[in-house]
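Structure incoming, see below.
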Amino acid sequence: MQEHLLSIILFTPLVGVLVLMFLPRSQKTLVRLWANISAAAGLLVSIPLIVNFNRNADGMQFVERMEWIPSLGVQYLIGVDGISVLMVMLTTIMGFLAIFSSWDAVKDREKEYYAMFLIQQTGMIGVFISMDFLLFYVFWEMVLVPMYFIIGVWGGPRKLYAAIKFFLYTLAGGVMMLLGILTLYFVHFGQTGRYTFEIAELMKLNMPLGLQQWVFWAFFLGFAVKVPMFPFHTWLPDAHTEAPTAGSVILAAVLLKMGTYGFLRFSLPLLPKASSDHTIVTVLATLSIIGILYGAFVSLMQKDWKKLVAYSSVSHLGFCTLGIFALNQAGIAGSVIQQINHGISTGMLFLVVGVIYERRHTREISEYGGLAHVMPNYAIVFAIAMLSSAGLPLLNGFVGEFTILQGAFDANKTWAAFAVLGVIFGAAYLLWLYQRTMLGEVTNEKNKGLPDLNWREWAVFLPLIIWAISIGVYPKPYFDILEKPVAQIVHRVHQTANTEAAIR
Amino acid sequence: MTDIAFFYAFAALTVLGAILTVTLRNAIHCAIALIASLAGIAGLYLLQKAEFLFVVQIMLYIGGVMVLFLFVIMLVNLDGAAKERQYHRHWLAAVACLIGTGAIFAAFLHRGAGSLKLESPLPVVPGAGNVETLSMVLFREYLVPFEVASLLLLVAVVGGVMMAKKRID
Amino acid sequence: MSVFYTATDHFVLLPALLLALFGCATLLFDFWVFPDPKQRRWLLMFLVLGELFAAVAYWRQFDFLSSHGGELTAFNGALVVDHYSLFFHSIFLVTTLIVGLMSYRYMEVRDEHHGEYYGLLMLAQTGMFFLASGYELVTIFIGLETMAVTFYVLVGFLRSDKRSNEAALKYLLLGGLSSGFLAYGFSLLYGLAGSTKLVDIGRMAASRDANDPILLMALGTTAVGLLFKISAAPFHMWAPDAYEGAPTAITAFLAVGSKAASFALLLRLMVGPLGAARVAWEPILVAAAVLSIIIGNLAAVTQTNTKRLLAYSGINHAGYILLGIVAGNPTGIKGVLIYLLVYTFMTLGAFAVLIALTRKGLAGEDINDLNGLMKKAPGYGIAMLIFLVSLAGIPPTGGFFGKYYIFLSLIETGHYSLAVFAALFVAVSVYYYFRLIRAVFVDTEEQETPALSTSFGLKVGLGITGVMTLVLGMYPEPFLRLAQLSISR
Amino acid sequence: MSSPITTEHYLVLSAMLLLIGTVGVLLRRNVVVIMMSIELILNAVNLNLVAFSHHLQQVNGQIFAIFIIVVAVAEAAVGLGILIALFRNKETVLVDEIDLLKW
Amino acid sequence: MNFLDLIWLIPILPLCGAAIMLLFGRNLSKTVVSIICPGAVLGSFILSLGAVIQLAGLKERTHQVVLFEWLPQLHVDFGYLLDPLSSVMILVVTGIGFLIHVYATGYMAHEHGPRHGGYYRFFGYLNLFVFFMLTLVLANNYPLLFVGWEGVGLCSYLLIGFYFHKKSAGDAGKKAFIVNRIGDAGFILGMFFLFQVTGSLRFTEVTDALRSARFGPEVTHFGILSLTALLLFIGATGKSAQLPLYVWLPDAMEGPTPVSALIHAATMVTAGVYMCARSNALFALTPETSHIVAAVGACTAIFAASIGLVQNDIKRVLAYSTVSQLGYMFLAVGVGAYWVGVFHLYTHAFFKALLFLGAGSVIHAMSGEQDMRNMGGLRNKIPITFGTMFIASLAIAGIPGLSGFFSKDEILWQTWSAPELGSKVLWVVGFLTALMTAFYMWRLMFLTFFGEPRMDEKTKHHIHESPKAMTIPLMVLAGGSVVAGWIGMPKVFGENGFMQGLEHWLAPVFESGKEVAHAAAEHGAAAHHDTTMEWVLMGVSIGAALSGIFLARHIYLRMKAEDRPTGGFIYPVLLNKWYVDELYDFLFVNGLSKGGGTLMAKFDTNVIDGGVNGTAWLTRMVSRISMWYDTWIVDGLVNLTAFTVRALSFPVRFLQTGFLQSYALVFMAGVLGIFGYFWWGR
């Protein structure tokens, strides 16, 4: 079992889909139940991973290696390090919660709906555990299609526009990334005479700075669109707004992390010279900071509840990328933790929107007000979600933001100064949202009789709330698990930069 | 010198016939002009010692294909068409394009005039007659195409018949 | 010269003979045995049998080559059987078989179910045989024309349908024009080389300056003729019309078989004998590829007729495949082979779904006719999804590996800007493929339509293509090996 | 024997014929005439082949020409068949009236 | 029982209370709530008391309890530190917190939200606040302090907005939170700088590092340390409502009165002072920043006091008063008298909490009326409230013997005797503030409790003394207001372990401050012993307090009957009868509508608030532009591309005219292209 644990985790959802395909369409409860069981199974099998993970070991663990396409040097090579483990856990947990939260929300074509989610689940896990670049790419693109359907079929009024926009943006970026991958592949061939996509092998390359820069920008397009970084972000609000609740949750919680994960796993270790190149770092950090402030500003002006949350993602992900390009232990570790935090808090915020959307079928902020009277428990949950997103200490958001800020500060004080502003605005738009929706008098007659959270909704929120608080209070396990892999990345980047400087 | 005279005569016939083919109004006249042109080509074959081809041209082409054409022309009754405008609307663009192509072809041929020169003029092989040599080569070297040609003709027959026959069911 | 007709000759020609034989037999049997259109389904058995026999023959050839290596030449070098041609032969075989399988119901619906149909399919395949195996200009040309003329007939097979007539006529006239140019080019090649054998032509091209005007003329006109056949821009204009007017099964055959055969020839000519003149033809192919990608993608974006859309998509794919030839290194050529293989399955599959949509009184060619397919027939919906995703080049489907190889070869040979260009247009193509996907999955049928016209054969065809499209994406290794084998001499 | 009429003469003549044939295809509206123009083009090819054949003192070119004629015949037969089928349905032989398929 | 190792329990108890309230409170009766929540705080108080007593027995008088490592990147623990400074703070927080809890059980008895859930939630928030406040003061490092810092801000937000059906309440809460966040930004950056300089964020280590290291002037004089200190101070200005970030505090009075008492008077707002005192080692090293602190404190003090002069809302007067008093504390910190700042913090907690609670009691009696113009003559009707508030007013005015006198006087004396050049100016400012403080406090007293009743009959009928739950805390606090200052008497009163108890108690924490101050200027030390001067100054400030009180009495008690025949009060009339001094003249010369105080108030609303609103407006504009940019430029470009693709699609498609010969033409164009390329391109 141990040696195939990752494969089991990877394919459990897919097995669920296979069975799901043979369930009769008319048995809706059965379909739902089975989908939930599959997702829960996916979560359960991932627990041994975190239990057995050795946080003190260097390098990859649970490695499985199989020839896949030998003539291209492509392998089925999967493994995890600290970063991947966290991402996999995030995926399995959020995936389960997303599916669980859809129980009442999705009322037509359940079978396809759940199948799409489960397929996507496999794709996302695959992205985080692939140690072969082509395998990674295959999973990377594989995720797109189910998401297209989730948005396009079960989404809001402008779902088709949003879905295709999402798809086109990410695909265009992804294809550029593929070109970058292929360049690496050939450079590796040129230097060693062997074709391989294995990341560990590609890391041994000695590439000149100029080439690294080109490849970096190719990767950048792929990852930045996914993150999304500032000028590439416009697909995100549309996609988030139109997606069904669970879709938004997964999109925010996991899909966006694929981009940041890409930077961490590929851009930095594979292209250390380019990644530590002054111009590139400056550009990336500037874009991140613009993203932080820009996302916050635009959030302030939103009239649509969900869009506001969506834009807040731009801001939060700006922190994540800023942390990455601080290129130090604190920045990167903070970034990874912030990625998880963002998954939790923004996931919760989307679920919060989903709860009310299910009741009222509108997301206009002006339609609401004073909901705290009608739905006090809901108001509490929303408050926690909002505060965790705004980075209130003792909740998860603070730990990530603070550590990132520290990293950014160490790298460049100006960055930190600007990024801190994002903290201010972050509070502003969320509080204003909270005030407009939860506080004040109940102005809209339609809101008077809304029911409070039911047990299923509680069951979705409660684990997230506990998770959020646990990270906020005791984040050390996360830092511990990240220490080795992040140190490795930092070492790699700086080592190269130093040798470079020494040569000069 | 007779060569020259014959060449230019046949060439003139060919070109003139061709020009008339594409310019005449009545399709039947076109067909007749084409026959003239093809006859000119047949003459040119003769000039180049391709007697068999000469016969094929006369019998198969002029005798077969053109009759087919004429037959069809009669069948589809092109009188009405003859009264219509004869040229395509975009004739100007087409003419420009064609002049360009013609000029470039001419230029190429002019430039390439020398490149066809053989190292040494091949000796004229007397010996067997044209038909005999032809058949030897045909059945030895071109046996496969010969067989395939039969398939091609079969397809043509089947296709032609199928297309042209009236629907029964 | 002493032996007139050897066992090798026979061995090499055998598959073509079998195909021709069964084709002719079908024609004959139709006249004599099956007056009732319903019974003509049995004629399919001829096709299947013929293909089986041919398959056995190919297998024997493959076996022979594997044990003896190299290649087999026959008829004084007029025919060649090597792994390369066998690769294409198998594509033709599969294509013809699947087209035959998915045709009968369609032809019945369209009231044109004749025995000639199957015979012509096989004769067209025979023509293709000579395109892939021919190693001599006359053979190639006559094979090409056999294929082309058969297609003229097949495209116009729906005699009472004006659109079919029109398509056939347009295809024929433009095809004739292009054949003329091709033949002109061939004649110049012959004149320059003094022989019609590709070996001699290769020798000639290598010895001559690449700027030799007559050679350039020959090259240009030949390229025109071949680019026309693969429907590359700007010689693509016939494709959308012919595709639309032809019976859908024939559209599939045209899109796959004819294109693959022409690529077999183009690749063999350009990389083989004319490889020496690469400097001359490479820019032409680049231009044609770029134009094809642009035009194919742009025109497809606003297209509402599915068959026309797929025609433009075919033009686009031709552009991508041409890029593989442009790269021209082993990777590129492997890419062309793999791409064509994938293209075969995904395009056949997509057309198979369209065939199922054609019902009595419903052309099934408008995008809206796909609406609600997922609800109506989930199997077809999922199959269509696989094909469209593959056409768009998204993993884990075969289409990805096709495109992947093209990118690979372009980057390997340093054509970075072409690679970026090609990559960007992938995104554009997604735009219209996903319009189809959207119709299948998202949009709903406005009014109740009759059940799909499915048949056993169609389902088999759909199953094969669907599975192969996925297999090529998920485990392409054996096929890559095959492609590798095909290009090794 | 050095005739003043060289192979190039034939090539030029052939090119002219090719061009005239193309003119016919491009300009004439009558389908039958267009088909005749295609015949002209193929004959241009034949002229080439025969000239080369003569030039090289071979018969291969002539054999090629025979095959070209076969092709021409086949195309003509099928083409005319299609034309008749079309004419039955549409009552026209003018190409620019045959435009159901477009865009 | 070892209380010292149980200090982690001090914050946890209220947290449990809060958790119980927020999770299960709906199902609990009011009585149970009223027992659990004050009980939790009482428990904390007892634990604190025990711990402080045991702490006194320790030699080095510090004790740390580290629970677990919290932020590994910053080497920061989740750990608590009990030392003299934090011991003072926890006693204040738990002690006064407990009293206010008790008071609230009475005050909130009738006040609950539209649904009956208000009561438990209120106490839940209150307990949560106490938890965060205790975390703030007990933290052994800056980030954990920041946890409490943010947490109290949150609770403040929640409690200000407790009447969340009122829009103004929500707005006020939001304003408070955001203004605080601006300060927090500075605080965060300050922490990073501190970490960079000292390599740690634990208080003990930071202090040791700063004290032991020899920093050159390049870091201490307008250098990185100055910047660090300044950034921390910016954080403090946000939390402690100093110029220019004080604007949120008056608005925060929208919250229930116990909240105002607890958060906006006694505890939370003093967090900034606490933090600066905690960072005394840093501030001692950076004289420039200390000057700024002192100047800002002084300015805030006089500025807020001047505004307080003319306010009519009883709670607003107190709010400006709080701002003003906080200014005093910063003045003390700025001149290096850290212990005095803490001393004032401590005494202020008593009398200001009392004043607020008393005001609450008044409002309670007046059925929610807050405008002093509609009060008057209440002293007989609510005698206990009157009595206790009377004591508090005397204390804040600086009447000798009461707590406020000692702390305020010590601040003024320390200011006067500070070695810096501008210290005398600061003293003058502090003196004027003291005068104004006495005036406005007594204005409040006279308007509220003396004179003729001015309320309508219905309200008058309802006036009643508050219940025991409210009056007992008032009385306890009144006692505290009297005696609290006795442990910090001036040395001129005689040196004695008890009389200077606080200074000695706090000495270990602030020894560096003294050291530096002594080292910096010897003559300052000399001035310290100038007892005559100290007596003189003390007399002057007593005079100021008394004259303020009497001035108020003259104007609001005596003059009222004569000069307000129509019931409105017209200051020009007052002005014509009584010329007092320049400030008085200036303040009231043109009457209320054009008066200086009003000007100040106007300045407040138009300039400062305007600044905030302007920022908000700017932000809105920026975000509007951003959104516009998003929709039109970024999206626009993409859509333009899409549009171009679509637009280009048509010509390409319509090239396909359906005319065969057009196709042939394109074909020939291709041929021409190829040959053209062959001819010219090669």
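The first chain written gets the first letter, and so on, giving A, B, C, D and E; residue counts start at 1 in each chain.
Everything that follows uses one rule, which is that a contact is a pair of C-beta atoms (placed from the backbone, for glycine too) under 8 Å apart; a residue touches a chain by one contact, two chains touch by 3 or more.
Note that the structure is a prediction, hence the values are computed from the model and not measured.
Note on connectivity: the fewest steps through touching chains from chain A to chain E is 1.
Contacts with chain B and chain C are shared by D, E.
Between chain A and chain B, the least number of touching-chain steps is 2. Most remote chain with respect to chain C, judged by CA-atom centres, is E. Averaging Cα coordinates per chain and for the whole protein, the chain whose average falls nearest the overall one is A.
Farthest from chain B, judged by the mean position of CA atoms in each chain, is E.
Counting C-beta pairs in contact across A-C and across B-D gives the higher total for B-D. With each centre defined as the average position of its C-alpha atoms, the distance from chain B to chain E rounds to 103 Å. Computed centre separation for the pair chain A/chain D is 65 angstrom, with centres defined by C-alpha atoms. Averaging C-alpha coordinates per chain places the centre of chain D 98 Å away from that of chain E. Put simply, the C-alpha centre of chain C and that of chain E have 79 angstrom between them. Contact with two or more other chains is made by residues 138, 141-142, 145, 149, 152-153, 156, 159-160, 168-170, 173, 177, 181, 191, 216-217, 240-241, 431 of chain C. Looking at chain A, no residue sits in touch with two or more other chains. Looking at chain D, one finds that residues 7, 18, 21-22, 25-27, 29, 35, 51, 55-56, 58, 60, 63, 67, 70-71, 74-75, 78, 81-83, 85, 95-96, 98-103 touch two or more other chains. Contact annotation for chain pairs lists A-C, A-E, B-C, B-D, B-E, C-D, C-E, D-E, with touch applied as defined.
On the chain A side of its complex with chain E, the touching residues are 165, 169, 231, 233-234, 237, 294, 296-302, 329-330, 333-334, 370, 372-373, 376, 380, 387, 392-394, 398-399, 402-403, 405-407, 409-410, 413, 416-417, 420-421, 423-425, 427-428, 431-432, 435, 438-441, 473-476, 479-480, 483. Listed in rising order, the residues of chain E touching chain D in the complex are 653-654, 656-661, 664-665, 668.
Residue ranges of chain D in contact with chain B, taken from their complex: 1-5, 7-13, 15-24, 26-30, 32-33, 35-37, 39-40, 43, 46-47, 50-51, 53-60, 62-63, 65-67, 69-78, 80-85, 87-88, 92-96. Those residues of chain B lying in contact with chain C across their complex are 105, 108-109, 111-112, 115-116, 140-145, 148-149, 151-152, 154-156, 158-159, 162-163, 167, 169.
Chain E makes touch with chain B in their complex at residues 659, 661-662, 664-665, 668-669, 671-672, 675-676, 678-679.
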